[in-house]
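The letters A, B, C and D name the chains in turn, as written, and every chain counts its residues from 1.
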Amino acid sequence: MEIRVLVTGFEPFGGETINPALEVIEALSGRALDGHDSVRIFTAKIPTVFGQAIDVLEKEMEKISPSVVICIGQAGGRCHITPERVAINIDDARIPDNGGNAPVDVPVVTGGPVAYLSDLPIKRMVQAMQEAGIPATVSNSAGTFVCNHLFYGLMHLLKTKYKRIRGGFVHIPYLPSQVVQRELPAMNLSDMVHGLEICVRVAVEHALDVPLTAGKEC
Amino acid sequence: MEIRVLVTGFEPFGGETINPALEVIEALSGRALDGHDSVRIFTAKIPTVFGQAIDVLEKEMEKISPSVVICIGQAGGRCHITPERVAINIDDARIPDNGGNAPVDVPVVTGGPVAYLSDLPIKRMVQAMQEAGIPATVSNSAGTFVCNHLFYGLMHLLKTKYKRIRGGFVHIPYLPSQVVQRELPAMNLSDMVHGLEICVRVAVEHALDVPLTAGKEC
Amino acid sequence: MEIRVLVTGFEPFGGETINPALEVIEALSGRALDGHDSVRIFTAKIPTVFGQAIDVLEKEMEKISPSVVICIGQAGGRCHITPERVAINIDDARIPDNGGNAPVDVPVVTGGPVAYLSDLPIKRMVQAMQEAGIPATVSNSAGTFVCNHLFYGLMHLLKTKYKRIRGGFVHIPYLPSQVVQRELPAMNLSDMVHGLEICVRVAVEHALDVPLTAGKEC
Amino acid sequence: MEIRVLVTGFEPFGGETINPALEVIEALSGRALDGHDSVRIFTAKIPTVFGQAIDVLEKEMEKISPSVVICIGQAGGRCHITPERVAINIDDARIPDNGGNAPVDVPVVTGGPVAYLSDLPIKRMVQAMQEAGIPATVSNSAGTFVCNHLFYGLMHLLKTKYKRIRGGFVHIPYLPSQVVQRELPAMNLSDMVHGLEICVRVAVEHALDVPLTAGKEC
């Protein structure tokens, strides 16, 4: 039986002309996982627009019927690949999204819980990436823009409607080409693809996480 | 009628010999607020120990019967005073607390919700501090150590047992004396005290917040 | 006999409306040093303009006849007070100065040596500031804008024309009011003034430095 | 006629088990440059030891008779490939070198000038790397440890003894594998090798630099 994994990436936003998440999903699309012949990776491009992002994600989920959903977004300025721990029920936009919307302090889902935890095995994913030489850390905030919005929307769908699907969100750094003149950290596409391939494999292999410390004092 | 505000600070932890939060509460203790003769500030020292921190906080709340509780903690490495937006139901310690405990991926309150939002007017607090020349920003993560633990424990008490009390958490930077040989940001005690005095005043004056943008992309 | 110290500060530049160096010299102007009744601090404002900066400095030196000259400049983004070790014979402007000039790769002084070392006791100054609780570090680059230009111009004057005067340059962080909405480090004015007062005292007391390590790998 | 380029890398130091500079020179060794059949790249490993580093470099220069020498060192914490502008005549070690030496405030070459400028076309090198999508910036300080020591020693040899050879120093970031658990910037080996290949090509093609702005305010 085929195990389907849906991996999504956002359109560029905030003045950038590329989004590393799109480059990563393009590289992952249709890729076979070593030793996992039954796993097939599907990908989808998500508009960086509040509301629409979740609608497009759900349509793709309906179409593909995945077992696992991993949404990827750009975290400009971060050094590591960072699986996100928690999605919060807040939209608070510092900059407009690609549709010109900039909601402030409105819930992603009216009446939804304050937050959802990822149900990906984020500690195992970080550990496996580190063992493969890929810089990786757990993040405790996906921000309050469209990335967190999609992450919360995904988890709400998984907890209320698609209860057999597991999912979560992974932030990735800038690509080198985005920072050639800005002294900000970046990660090579091949390392990102390698890292995300590991994330997919670990997510498929492990329904449960393990308590490896990845805490932060603040 | 007297309006009582309880402001708490942690003991030093993680190898530090001082905690700026203790210095701040010492300076605030008993201080009168300009134009608010009826407001009285009480302070309490909280052990940097999982579990005990919440127990001591509740005892102080019972003793003082405050209308507002503001817990303060050190956020080493941050530049700004940062009112926290959300407490999460996770203990994940990278380093041991002052009692030698280092829980990993256990809930603060078994069966509690994934997260609580602060019910302090954090946007107004940030705005008022900025207008007074104090660097301030909303933070979307209080970490996963004793600071977040106490913040979550406080909010759980407020939502389940002390429903007339409002409260939340504010992180503050290192003091200059903590970083004389480390190139990390710091804030002068007088600026921190000024900032927290503003936080207390705004928290007393405004039960509700306003939607000022303070979002982050990640 | 009176020992005169000239301390200079730059006008605001680069879109800032204040320059912490001006605030510091205003506070230091005419100030007496504890236990040093014979020391008198003179101050001067320097235009943030290539060329003019050095001309104005020399006129002030002629007028005041100081024994020691300490030029102060803003180092936006630094955490510490940083006495500079070395001035280089290069103007390379990323942004225009206050006169609209943006020289690239031209020498400060044609035919001058590649660099001058400060002849202030920078290690002692850093040590004394740290002992007083003021964050301080030696810097190995004063940049390539008007700060380095003035520093080089000063050292060239001292080595070629005013051989009895000792001098150097100290960079200081942003003031808190400059970063209320930007998450960048800052230092309180009172700490800066305290730090610079220590620098003046140490510079007057010690003609020679001591080899305290303040190295950097890069 | 063969044009020989000597590219050197340091041994690991400061607790690291690898040095990206060694990985880069291993990849560059013997490599042909597209369109430059006459250029041959030689490489050498340099001990991270004050004194010895320069001795070994000179022996390699004698053996190989290069036209251009480019020394490479690790700049842990930097985001970009950074050709260095200036070497200063100071050893000031914060940590011991690999021979246990930690000189403080002693000259690299007694009686040598305060500093030497690189005579590589650093602006052209940065521009060419950026055009190829490689993050690159000019640096104004090579520190005060063995990297700056070797850079100064090289320039002193070039200006006093080997006047037909041109040379300079390039700092490179950590490799990803060095920061898997530390949130510090890194660069993929293939990007570093690509960047250094560009540096070699530009250094061979251009004896003179162009005044492209690469300035810093501090």
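In the analysis below, a contact is a pair of C-beta atoms (placed from the backbone, for glycine too) under 8 Å apart; a residue touches a chain by one contact, two chains touch by 3 or more.
Since the model is a prediction, treat every value here as computed from it, not as a measurement.
Enquirer: Smallest number of touch links from chain A to reach chain C?
Expert: 2
Enquirer: On a C-alpha centroid basis, what's the spacing between chain B and chain C, in Å?
Expert: That gives a centre separation of 38 Å.
Enquirer: Express in whole angstrom the distance between the two chain centres, defined as the mean CA positions of chain A and chain B.
Expert: Averaging C-alpha atoms per chain gives centres 30 Å apart.
Enquirer: Just give me the whole-number Å value for how far the CA centre of chain B lies from that of chain D.
Expert: 47
Enquirer: What positions in chain A touch 2 or more of the other chains?
Expert: Counting only residues that touch two or more other chains, chain A contributes 78.
Enquirer: According to the definition of touch, which chains form touching pairs?
Expert: A-B, A-D, B-C, C-D
Enquirer: Provide the residue numbers of chain D that touch chain A in the complex, in ascending order.
Expert: Contacts found on chain D: 78-80, 129-130, 133-137, 176-177, 179-188, 190-191.
Enquirer: Which of the residues in chain B end up touching chain A in this complex?
Expert: Contact set of chain B toward chain A: 14, 73-78, 85-86, 88, 90-95, 102, 104-106, 113-117, 123, 139-145, 147, 171, 209, 211-218.
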